[in-house]
Every structure is written in C-alpha cells, then in structure tokens.
Amino acid sequence: MNHLILLVVLPLLSAFIIPVVAKHSLTISRLIGPVVLVFILALVVLSWNSVGSNGFAIFLGGFLPPVGIVFYIDHFSLMLSGLIAGMLLIVWPWNSYVAPRQYSLYMLLTAASFGLVLSADLFNLYVFYELLAVATYGLIARQKNPAAAVAALRYLFVSATGSAMLLLGIAIIYTLTGTLNIAHLATMTDQLHGLAGLSAFALIVIGAGVKAEMFLLNTWVPEVYSTIETPLAALLAGLISKLATVLIIRVLLMLFQQSEVLQMLLVVGVFGVISGEMVAWRAKDMLRMLSFSSIAQLGMIFIAFSIAGEVGLWIGLAMMLHHLLVKGGLFLLADKMQGSFDNLRGYAKRSAMAVAIFIIFILSLLGIPPFPGFWIKLMLILNLAEQNNTLYHYAIGFILLATVIEAAYLFKLVRYLFQDEEAATIVSTPKSLTFWYAQIFALVLLVSLAFISPISNRLKDMASQVANPDIYINTILPSHLSGGNP
Amino acid sequence: MNLLDQFFVIVAVALISIAMLRNIKVNSIVSTLWYVLMVVMLARMSSVAYNADTITSAFSIELLGFRMYWKFTALSWFFSIITVVSALASSLFMSGDWGKQYRQQGGNYGLLQLALILNVVSMLILLASGDLLSLFIGWEFVSWASFLMMVLMPSKTAKKAAVKYVIYAIVGAMALLAALAMVYASSGSLDFTQITDAFIQMTDNMKFGFVLLFFIGFAIKMGLLPFHLWQAVAYAETPGPGAAFLGAISSRMGLFTILVVIVQFIGLGNLEEMNIALPYLNMKSLLAWIAALTTIIPTYIALQQHDAKRLLAWHGVGQGGYMLLGIMMYDSIGSAGGLMHVLNHASYQAALFLTVVAVVYRTGTSDLNKLGGLVTQMPLTFLVMLIGIIGLAGLPPMNGFVSKWMVYRSLLVNGEPLLFVAAVLGTLGTILSVYKLIHNTFLGQLRVEHQQVREVPWSMMVPMLGLSVIVFITGFMPGLILPWIASIQETIGLPVVTYHLGGIEYAKGGLDMIWVSGILFYGFGVGALIFYFLGGKAKRIHQYDNYAGGHFLSSEVKYHYSNNFYPGLMHLIGNWYRGSFKWMENVIVSALSFVSKLFENMYRSRQPVMLLVLVAVVALFSIYKNYSGAGS
Amino acid sequence: MMKKELKIKSNKTNQQKQKRTNPLANVFDDFIDFCQSKSLFMLHYCTGCGAIELPPAMTSRFDMERLGIQPMVTPRQADILLVTGYVSVKTLKRVILTYEQMQAPKYVIGICSCTVNGGMYWQSYATAKKLNEYMPVDVYIAGCMPRPEAVLEGLNRLKNNIKNDRKEQKGSAWKDYYKNYDYYLGNQQNLFGKEWQTPVDVIAEAKLYGLEGEGTYGENTKKLKMVQHPLLPQEMKL
Amino acid sequence: MSFVEIISELVLMPLIAFVVGLMMVLMMRKISARLQRRIGPPFFQPIYDIVKLYGKDTQVSHGLIHDIGIVMAVGGYIGAEILLPVPGMEGIADKGGIITLSYFLMIPSLGMALGVGQCANPNGSIGISRALTAMLAYDIPFIIVVFGAAWHYESTSLIGMIEYQQANAWGIIEMPFLAIAGLFALQGMLGKQPFEIYIAPAEIATGPMVEMSGKYMGGLFVMQTFQLYTAGVLYASLFLGGGESWLDLLPKAFLVVAIPMSIAFLFPRYKTEDLIRILWKWPVMLALIGLAFIL
Amino acid sequence: MSLESLNEILNKINTIKITHKHKRRIRVDVKADSLTTLLELIKGQASFLHLSAITCVDWIEDNQFELVYHVWSYEENCLISAHTRIDRDDAKFVTVYDLYKPADFFERDIYEMYGVFFIGSPRMEKFILTEWFGMPPMRKDFDSEAYVQETFNWTEYNPDWLQELSDQGGGIAIKPEDIRLSGTLHNKATHREREKAKKEHVVGKGWKS
C-alpha cells in the first residue's frame, strides 16, 4: 500500500524533470504531466477498495510518529486525491503552447495538493500549503492579462501574511506540546484548550482561511478569479479552496472540537454567505459574479461544518463536492461566456446548449428540486433547524435570504442571456475543450441525481471515518502514544 | 396499479409524447387527446370527489430518510379537474389557427405546448403530494414550469416580469423551506400529520412565525397582499392561451396548499386562538383581512389598466381574495363559496383571457385605447366575454354570483361588516373595470383599421364557448359542483354545506339559482316581448349617424370614449395610487444594495494585508478577553 | 349657387293616409295620435335671439309642461324641432342633420321672422331665407320676437293639427320630407354644393317605413348617390 | 305554492309595479312643478309619454346589443319586481333574498350600459362611466345599510325582515342612523339631484339616453317607473315595516319616493368626484354609527 | 418710454406719416414695403407685443385695399394703427405671422372676406365660409343683395287681412326707396340702376383668387 506515496512523489519529481526534458524534447515534456496524472488517477481508483474502512498510515523512511513524516490515507483523502488528479487533467493547458515551466508549476501544485490531503503532520501541512501557494503565485503571475499581475501581487501579500500566521500558530502549538503530529496532538487536546491553544487555532484558521476564502480574509478572491484564465479559476475556486478548508477541518476535528469554535465557524460562514451573495448581486460581469458566489458557497460549507458531529461533516462534504462540480462547471462555462453582462445579451441564441447547461448549474446551485443542490440544501437546513442553538436557527434565515439574493442576480443574468437584442460584440469562441468538460460536469450532475441515496451513504461512511479521531489516532500512532486505546 | 397510478402513467406518457412531437398538427391533435383522456381518467376517479375517498399511489420514493408518496383526495381531485380542463381549453385554443399565427410570428409552438403540459404535470404532482417534502418539490416544479411559460414571450417586459416572478417564487420557496425546517426540528419527519403535532408543541411566538412562514410561501404564489406585485404583469406577458391557463389556475395552487397545510393540518380553530393585538384581531381574522385587502387593492389597480390582459390578470389577483376570505370564515357556506370560487374563477377567467387573445389574434393589440366596436365583427367572442364578465362581476345568473353570494352570506352570518363592505367594494370595482373592458373592446365606435376584422375560427371558438357553457351551467345549477365541495369540506375538516341542485339550503335565506335564473329569464322574456311586440320596427343605422351636437361624423372623426374611462373616480382616488408596495419593494432593494455596497467596499479594500492582520489581532484579542474574563 | 326653382312633384301627401278598415285599429291609431298630441318633447335649436322667449314659456309664468311639452336635448328623443331665429348657411346644415336625426313623427316650428324670409338679415349673403325649402315646416310663428303667448299659441295649433291628423289632413308635414326628398335635397345641394350629404340615410329610411313617394327619387338623389359615403349599418358577421 | 299562484305572481307583480310606478313618476313631476310654482303635467302624462314613445313611427337602432340592452334593462327590473315581496304576493320573492335582489338591481344598469356602449356615442359612454362611478359611490352606504338590516333582523330574506318588523318595531325606529344613510343612498340610486351628473342634459346630452329614440326611450321610461317603485317598496320593507296590506304599503312607498324628490329639486348637481366624496363621507359615517349601535 | 423716443423709433422709417390722434392712439401711414420693418421696430424696440387685429378696407375708387395693423403695447398702454395700402388688382401682401402668431387668423379672415393673399401665411384656406366659392363677400364690388336675389327664394306672404288693410289704405307707410323686400313689393328699377352704377361684375363667376 505504500505505493500511494507516489501520489506526492511522482508529481514532485515530474515538476523538476519537465524543464530538463523540455530542453531535449518539448513534446515529451508536455506529455509527462498528463501521463503522471492519469497514472495517479488509475492508482487511486485501483486502491479504493483495498483501503479499509479504517484507513491506514504510511510512515516515510520508517520513522514512526511523532518523529517521522506520516501520510494518512482513508476514503476521504483518496476521494480528494482522485478529484485533484481529475480536476488537474481537466484544467490542463492542452491547447495553449505554454512554457514548460508552467507545466512544472502545475505539477508542483499537484504534488502540494496531494501532500496537503495526505499529510498527518502540522508542519508537513504547512510545507505543502506553502508549496501550493508558491505554485499558484506562479500560475497567476504567468497570466498574460496585466491585471492578473496586480491581482497576483495582492494575492501574494495576503497569502504570505496568512502563511506567516499559520506558521505562528503551528509554532505556538509546538511550544505548548512539543509535537506536531496531529494524531499525537489529538491525544493531548486538554493542553491545547487554553488561551494559547485557542490563539494558535485562531491563527491557523486565519492562515488557512485565506485560501479557503473565509470571510474577511478573502479580499483577494474577486481580483484573482476575474482576471486569470477560467480553467485556472475553476481549479482555484473548485479545488484549492476546498483543500484549505480540509486543512481547517482536520485541525478542527482533531484538536479543537468545541462548541464555541464551531459557532465561530458558523458566524464566519454566515458572513461569508451574506457578503458573497450581496456583492455578487452587484457584480456586472460573469467571472466576478462567479467568484463572489464562490465565496458565498464556501461560507455555506463552513456553516455545514459548524454542525457538530457526522451530520455536519457529511453535509459539508456533499456541499464541497457539489460546489466543486457546479462552480467548476460554471467557471469552465465562463471560459465561453466571458465578459460583462452586456456582452452576453442574447447569448441563448448563439449557444442554446451553453445556456441550458448554465441554467442547470444555477438551478442546482440555488437548490431547486430535484437537482442535487436541493437535497444538500434541504439537509443542511433541516439539520441546522435540529440544533438546539438559536444561532443556528438564525443561520437558516441568512442562508435563505442569501438564496433569494442569489436567485436575483443569477436570473438577472439569465434575463440578459435571453434578451433578443442585437448586441453580441464579442466573437463567439470556437467549441473549446472546456465547454465539453462543462457538458460532462452537467451530465455528472444530472446522473448523480439518480444516485443520491448511494452517494449520500458513501459520504456518511466517509464522514463517520473522518469524524472519529480515535480511528485516526489508532492508525497513526504507535500504541504507547495513543493512550492505551485499542 | 390503481387508478391514480394509471392516471400518472398517462400524464407521463403525455408529457413525453408532446415533448417529442414537432409537427404542429400532430402535436395539437395528440395533446388534445391526452387532455381528454386525463379528463376521462379523472372522471373515473370521481368516487374521490363524491364520496371523499382517498386514493394513494403505489409509487413512492425513499430518499435521505424521507418517504415521499402521492395520493388523491377530494381536494386534489377538485383542483386537478380544473387544471386539466383549463389546459384542455388552452391547448385546444392554441392548436388551430392561433398556433399557426404564433409560429409565423416566430414563436415556438412545440415549446408552448410542452410548457403547458409541464405546468399541468407539475401541478398534478403538487396536488397529489402526500407529505410536506413532495409538496415542496411539487411546489417548486409548479414555479419553474410557470416560469418557463412566462419566458416564452419575446418582449423585454415579459422577461423582466418573469425574473421578478422568480425572485418572488424563491422568496416563497425559502419561507416554505424554513417552515419545513420548523416542522422537522420538532418532529424529525415531514409528514403532514407532523404539522399539527409540531404546531401544538410550539410557543406562541413560534406559532406566529410558523403560520406566517407557511402563509408567506403560499401567499406569494397566490399573489395575496403584500406579494401581489409580480403576478399580473407576469401572467399578462405570457403567450395567449398560456396566459389563460396560468390566469385560470396556476396561482390557485397557493390556495390548495393553504387549504392543505393551514386549514387542514394547522386548523383554523387553532389560528383563531392566536390573538395578535386585540381580542378582535387574531391570526384568522388577520388572514381574512389580508384576503379582503387583496380583493380591493388589485381590483382597483385593474381599474387603472388599459391593457386588456393586464386588467384581467389584476382581477385574477383580486379574485383570489374572495376565495381566501370565504375559507377564512370557517363555516360551511363561506368556505364552500371560497372553494367554489376557484372553479368559477378558473372557468370565466380562462374564457375571458381567451377572448382577449382572440381579439389580439384578429387585431394585433390588446390595448384598450386602440380597440372598439368589435361586436359586429366578432359577435360570438363578444358573447363569451359578456358571459365571462357577468361571471367575473358576480352577477346572476352566472357562476361567479353563486360563489360570491355564499361568501357574502357567510360574512353576513358571521357579522363582519367591514369585511363585507370590503368584499362589496371589490365587486363594485370589478363591475366598473369589466364594463370598461367590454366597452373599450367590443362596444363604441369601430375603428377604420378594424373594418375588415372577422370572427375567429372555430378551433378557437369552441373552447371559448365550452368554457362559457361551464360558466353558465354551474351558475344555473350549482348543485352539480356542490357535492365535490362538500367532500372537500369533509376531507379537510370544515363544516359541510347542505345543498340541492339549485344551490344552498340555509336557515333564513338560502339560494336557489334555478329559481333566480328562472325569474331573471322570465323578466328578460317579458322585456323582450314588450320590446319586440310593442312599438314599430327600428331601423339599423350606421355608426356615423349619431348625435354629435349637429356635427358631421365621418371616418376621420374619432368619436369614441375610451382613454381614462373613469375620470371622476380617478380624480378622487387617483391620488391614492401611490405605488406603496412598489415603494416598499424598492426600499428593500435599496437597503440590500446599501449593505452590499459596504461589503463590496470591504472586498475592494486597498490594504488586504492590514485587514488580515487586523482580523488576527481582533481574533486574538477577543480570545484573550474571553479567557481573562472567564478566569477572573 | 344659382337660384333654382325646384318644384314639388307630388303634393298628395295628406291624402295618402287612409283610414284602416278595422275599427279597433282605428281607435288604436286615434289613441296614439291623441297621446302624441299630448306629449311633445321639443328640441329647441337656439339658432338666434328667439330662443330667449322659450324660458318664460317653460317656467312658472306659462308652464309648458301642463300642455305635455317638455324640453329634450337630443334629436333622437325629440318630437318638435324649434328653430328659433335666423339660420345662417352653416347653421342650416346642422339644422338639417338634426332634423334628419329626429324620429318620425317629427314637427318643425320656425320661430321669428328670420325663419320665414330672413327677417332683418334679408340681404345677407350668409343667411338662409326660407326654411321650408330645406325641410317641411309645420308651423311658423312670426314676429321679432314672438311673445311667449304666441309661442304657446303656435304649439297649441300644432297639437291640434296632430290630434286631428287623420281627420283634417294636417300635421303630417314630416312625411313630405320623405316623399319629396328629391326637392329638399335639391335645395340643400344648391346651397351647400354638390358634395353635400349627411350621415343619415333618408332614402333607406323612407324605403323601410314605406314612406316613398314619387318625389323621393330624382336627379338630385342620383347626384347624391354618386358622392355619398357608404351608410350601410354594420351587421353582425359570423 | 300552486301553479296558478305562481303565474299570477309572475304576471301581476310587474304589472302592479308598473302602474304604481307610473303614479310615482307623476308624483315626482308634480312635486317638481309645485316646487317651481308651476301647475305641472296632467294626470295621465306619464302614460301619454310612454304611449307616444312606443307609438313612434320610426326609431333607430345601433345594432342587436342596443336592443338587448333595453330588453335587459326592462327585464332585469321585471325580475327584481318579482323578487320584491308585496302584500299577498310573497311566494316567489322568498326564493331570493336581499343580496340577490341588490345584485338583480345591477343587471338593468349593466344592460343599459351595454346598449349605450353599442350606440358608439361618447356622450353615452361618459354617462355610463359616471353612472357606474355613482353606483360605486352610493352602493357603499347602501351595502352597509343592507348589512345592518340583515344583521339586525337576522335574516337575508326580505319577508323575514318584514315579519320581524311587524312583530317588533319598525326599522326606522330601531335603526334611525341606518335609515337616514339609506335615504342618502336612495337619492343616489334614483339618480336624482344632486346626484344626477350622469344625466347632465346640457353637458353630455342626457348621457346614457343620448341615442335612445322611440320605443328604446319608452323602455327607459318604463324602467324609470320600476325604479321608483323598487326604491319605494324596498326602503319601506327595510325600514318602514313593509305592509300588511296594500293600503299600508303604498302610502309608505309613495312617501319614501316623495322625500328624495322634494329634496332633489332644491339642489344643483355635484361633480362626479364630489358626489363620491359626499356619499362616502356622510352616509357612510351615519351608517357606520348606526351599525355600531346594533352590533 | 416717452413720446419723443417713440417718435424717434417710428421716424427711422423714411416714408412714415405719424398722426397722434390721442395720447394713446397713434396712426401711422407707411408704404407697403416698409410695414414689416415698422412692425419689427415697434415690437423689438418699443414693446408693442400684442397684435390686436388686422383690418382691411376696400377703397374701390382708388383701386386699393387698405390694411390696418393694430398693435398694442401693454407697457405704454398705447395703440399704434399702422395703415398701408396695396394694389387691389394684385391683392397680395406679405404675412406678419413670423412676428405675431395671431396674425394667422386675421389673415385667413381677410383672405376669405377680401381675397387679399398673404404670402407665407401658414394656412391660407377656408375659415368661416366653408362653402363659399364666389367672390369674397366683403369686397365693395360684391353685391350682397343681388346675390341674395339670385340665390334665395322668398316666402310669399300675402294674407287676406293684409290685402284688406292695404285696400282700405291702411297698413304701414313705407317710403318707395325703402321698399326693397322681395316678391310683390320689390322695387326692381332701383335695383337695376344701382347695378349699372357699379362695375360690370357677374356675381359668383369669373372671380379667382
């Protein structure tokens, strides 16, 4: 099972090899990335069944925790890995002739993502997080759009500050406990539940929250998403933000599962939802609208995660997947339907298919039955209602209000799309690969409708795995450290 | 497979076949046949309507721990038959020459038929829903199906209205979802029966919230005050027969759900116990007042309209008030009137919309200031409109009178003078406005450009006549409908009305429409005898041979009175049209946009890093504060 | 506009109304004539100064209502057309239209000298002189202006004429308009030009009610036919 | 109820209404004449007028709806007369109630409105517009009065109301405010000064009647007789205890009609908006006060 | 504004003749070509904003039409009547519609009644005499009486009592020259003499605008 280490190793290697190979053969260097990704995808799929319900750990170099580097693998992380690989394949710059350096940046990003998913060690998490950040700086800065450079700079500043805080938080934790292994930390949570521990947690959340598009930390989002090319935006919005969320969730679940913390997450989530939707309502162009909407969706995911226990987790996971699918699809679609709303007037006549897909996506996004979005939103709301805390009940109100605003702006756009005036100043783009992907996304969305029950069961299983710290601790830690638990 | 399952299979097959067929002729014939078949199926299920049975579908879905199932009660059956018959009329109407013209003008005929059947299907799903979740899903289907119908019109206003509708519909859906959450939170299940349990357990404040949330959800669909703004424009801006269908029944889905949720499961008795401010105002009377205001305000907005479709659509909003008002009286006769008004309104509203569409078909306009004198050119259409407006105004012998009579009677019995006046005010406004409609369209001077207009073809005439026959027959013999009403009342737990073929039996003044109509027709007969047998014959003259103070009339002289038809009234009440609800709508939008501007500025902040640091500092400080506070 | 001497072709109007053979019907006709004489709605077309004498005739001093005479405002409802004063050419057109829009039996009373022969406007190029050239006049009440007593006297005489319609062959001047339409039309055409027409289809009316005579058609009506706008009523079309 | 009874009621009730109505018309004109110090019309003047109008040799019709309008106007009132209980003839009247009756009374207006509309004369349309507006104005107090009466007598059947009054006290004694408000409404309903803007002879040429000639006008004259009769008897039944016999009922009915007539000829007319204003203000206020007393 | 300054303004026109009839009435005689200049001057410099009327006089002996423009000043409370004469045979004049909008109606009226054509006036068409196609009736060479004689018939009214009265020598004494009424009493000789005195003119024919 240790071959799963290749998930991190192969992309990392290929990232360094690509520039070298490129000097000899450009074609081969271009092929390396996809090949690696396809291989990884296959690896993930093949090893799905062999991973048991308890997950397992890979100890790098034979050093055992808490000293060694540990990768923890369960269905959750495997699923995320598969998604990473698939997503990257989708956004892979097939058509454009870009410098090999960019390929290696992509591969670096891949490696960092895998690492982030798999690491069971705070320091490693930080390292991969930084790696991820660096790769994204590069990718954003490489955009031809001059505005993208400014955005990248903004992103760099914010992200670097965030990383510093993350590091600070980790350092505090290390000072408190002397270890960075999450499983090990999880056995001594009582030491963390103090002023210093909570401060550390706050710093970690703020640091990771930058990438997770958490409210007040997400000021970079609109600039970046609306200036970079759309597949990349799809990647960032769809995937990277989720990875950062996963980081927060890991830390939260293992170390700081307290009602105050959860409530804080809820408040942040509510603000994210409201602010995202409201600003998206004012947006005048597609990408900006989608990016703010993405902020709101992330807020919603935070709200889901703020529900204690498995329920919140599986709803959050479902939301993540749904958002990945829908927002990713929308960004991919936006590759075709770019620009301000005025340019999109009468788009329905130019490409009925694109508009149809667009409407399917937004209906699911809004949570209109029978689309998957509805079931997720329904579960979220019903479960929020079940909480005994009025804060959660208020959150329902905000979610519902946000949905109304969301509908307002999305359907304002739909109105533009169906307006029959002669505008169409932008030349209709040729049938691009991204459009096909968007269609596939939509298809997946529709097909998933038939499998709501199995999918939700899987997610519940996954959630129960993730939510149970004992499994994690027992798998990773040697028994003398795990406090005698079996 | 029971009858309901068969019915649903037929509906599904109908949907698929109509979606597949592209040929206009085949499509029309097939769709008409399907609707006829649906009517037949409903007739086979009539035991539901007469004996207050329930048929539960064998088909159900288990999902995420919820079980959704579908069933037919007397209430569902009643609304279904209205839906299917209005759809039949609309489909038949559009299937012939109207469809051809629609296609010539660039419309997509197949899509229109598809939208119609989609509406029917979604309504049937809603009507058959057996629990709250299936109700919600059906509810959403209905919303989106009617949205599809609305966007089919190419005009900009239509799109705007449709989008406005979407927003309102989402607001309603969200309110509903919140109410669902309340039910779920207290019982962990979404069965209808849980509503009652959940309601009983709630605190007083929660009860208000609960009822209001449900009510808002349903009221939006029904266009009750203060959510009436979306409906008229949206319905008016729908392609011809589609408007007839939507205007006839679509918004009544709101009433259906009110009946199911609020009347049947929450219970009007419970509402009555919820005092709001004074002993006079409880939740039930609040709803009754909302209903009464809904009869007045939209009716008087209709009076201002000069577009025939909008005028009718606004009346559609206003008539909804009578239905709710009747039901809120919580007695046998009032609720029977309210329920019966659903059918009555559907029949005459569809007929009226179809006549307007017929006029548009021939003249190309529904602007009341650009029409006139069409009675000689389109006499049958005029007849249908006449029957329709008599029904809408609620004059004997048409069916509108029967239901309104019951509502009035109930208001009298219950001693609600102000509500009574409000209802009458609505009726009077309706009379004024429908006279304007028929006068400006069919009476008065015929314009030169309409000299060659002819009667519409039979494919359009037949459904119109059919509907007007329904309007008359159900007015003449309300006893045909009243058994259904009685079963519904039995099903949803209202007092049951005593009826006979001619109408209602009631202590101290019932209603016997056969006698009333008989007397009326006797009067007309005597009048006709006097008119035709006394006095010489009259000479038919040209409309230019007209008294104009000695002025010579010719085709150049416009001698017609249509614009601003009630100047005296408008002089007085014109100032009262302040657009307050529009203003409120704008206030909400501006408030939201102010807040959103704040957020936007936040996102545009020049110093993201500083913000980040600030957040961190604040977070840390607050943690510190908390802990030191807790420590001390 | 040269003066033309038009001749009334047939002057047998009065002889044509024959007694019906059925005595009961005769009584019935008499009753209706009686009621007609007892109830007169008048349309006072205030063309000139003579109208000032009508208010005293109507109000408490002389009280027209006791004779069954009431003012009415539209020609459709009225029985008597009171032309009170000079009739200019332009006014005359309106008077004719108004007269044609009245429903038979209808009576014209010319009040003041002006309606007789122009009165003090005798040499005015713009004033019509002889009203009965353009429409049949039942009674002239001369004077400048006639006193209310004279007006009432005129009205009373008209009433008597109507009452004794069949007996004394009076009071049916209105039939003359149909029977000699060509003559009246010719005079009108002389004054107003060839395009002259009203929206009232007098000929069709005459046909419908069997009031045609020898003089209904003639060269003037032929001329009218050539310029006339269509006046067929709009019938219900199915 | 026997067949003969039904037939006799169907025939007799409108006939009586017509005859009584004729006398009321005469009375109305006599009152106006007397108030103006005139002698007024002879006794048979209303009959002369109607016979003359029906006996007109020619008349114009603007089309079928014009004719039907008159038929509806007269026929609607004939129906209403049958629904109006009078001494000795209350069999059929029992089938309707006050609500049905007040709706019946709208049918003639609708019929007339249709007929006038077909005439294609804007004066007529303006008249109808004003008449309907006036209807909106006077129906509000009227409907409150009807409500109050029905509530007080605990019946919507006119017969029940009369029985109640004959058993207890007259409505005018028990509900004076409502009765006064009802008089106001009656004034508007009869379209008499100061509420006769929709006729306005000098301005819009008698409005709805502008194109009515011969038997059309005659029909309207007949309708007027019915209108006066209905108003008188309805008010008498609502507030003056109806009548046990004709000798009892007729003086009341004549009195009821005489009051508005006497007031009418002392007033000029209100503009439409003033008409609404005044009818929505004073009678409504009175009626509401009256209602407050009995509720 | 003092009288002097007004005079000064008026005297800017060379051929002007000013007559002060009253302190508020000034008669001004100008040549036809300088009339519009005058009006412009008094409107622009002396606040004569109101055109009260335009009148026309037919000076048939001089073969001229006299047009009189009455212009009123609200500030001076003063009326200027500007007289000018134009040729009668070629009766055309320029419109003052551009200066005074109400001139439209006056000019239409004069055109109809006298046949003076105003060049540039917006609506030179029938005004009151819609059916009049003959000579403009206010011209002095139009004989209204002759026209009436030729157009209308007269009511013959010769009742017995009148006959009796005149037989008895009673009745109303009418001077022969006043007896102009139609029919029996009409004095045809007088009429013929008058007709001769005037220019040869066939009523209603041969006249064109």
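Chains: A, B, C, D and E, in written order; residue numbering restarts at 1 for each.
Keep this in mind: a contact is a pair of C-beta atoms (placed from the backbone, for glycine too) under 8 Å apart; a residue touches a chain by one contact, two chains touch by 3 or more.
This is a predicted model, so every value here is computed, not measured.
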item: For chain A and chain C, chains touching each; value: B
item: Length of the shortest touching-chain route, chain A through to chain D; value: 2
item: Winner on C-beta contact pairs when A-B is weighed against B-D; value: B-D
item: Most remote chain, CA-based centroid, reference being chain B; value: E
item: Greatest separation from chain C - chain, by CA centre; value: A
item: Rounded Å distance between chain B and chain C, as computed from the means of their C-alpha atoms; value: 58
item: Separation of chain C from chain D, taking each centre as the mean of its C-alpha atoms, in whole Å; value: 36
item: Approximate Å spacing (C-alpha centroids) for the pair chain A, chain E; value: 98
item: Where chain B touches two or more other chains, by residue; value: 373, 375-376, 379, 446, 536, 539-541, 543, 545-547
item: Multi-partner residues of chain C (each touching 2 or more other chains); value: 74, 76, 205, 208-209, 233-236
item: Listing of all chain pairs that touch each other, if any do; value: A-B, B-C, B-D, C-D, C-E
item: Complex interface listing, chain D residues touching chain B; value: 10, 14, 53-65, 67, 70-80, 82-83, 92, 95-100, 103-104, 106-107, 110, 113-114, 117-123, 125-126, 128-130, 132-133, 135-136, 139-140, 143-144, 147-148, 150-151, 154-157, 160, 197, 205, 210-211, 214-216, 218-219, 222, 271-273, 275-277, 291, 295
item: Touching residues (chain side chain D, partner chain C) in the complex; value: 29, 33, 36-42, 44-45, 47-49, 51-52, 55-60, 62-64, 201-202, 205-206, 209-214, 217
item: For the chain B and chain A complex, residues of the former touching the latter; value: 62-64, 133, 136-137, 140-141, 144, 151, 154, 156, 159-160, 162-163, 166-167, 170-171, 174-175, 177-178, 180-182, 184-185, 188, 592-593, 595-597, 599-600, 602-605, 608-609, 611-613, 615-616, 619-620, 623-624, 627-628
item: Chain D-facing residues of chain C, complex; value: 31-32, 35-36, 38-39, 59-60, 63, 65-66, 68, 72-74, 76-77, 79, 103-105, 205, 208-209, 233-236
item: Interface residues, chain E side, partner chain C - complex; value: 128-131, 133-134, 137, 142, 144-145, 147-155, 157, 180-182, 204
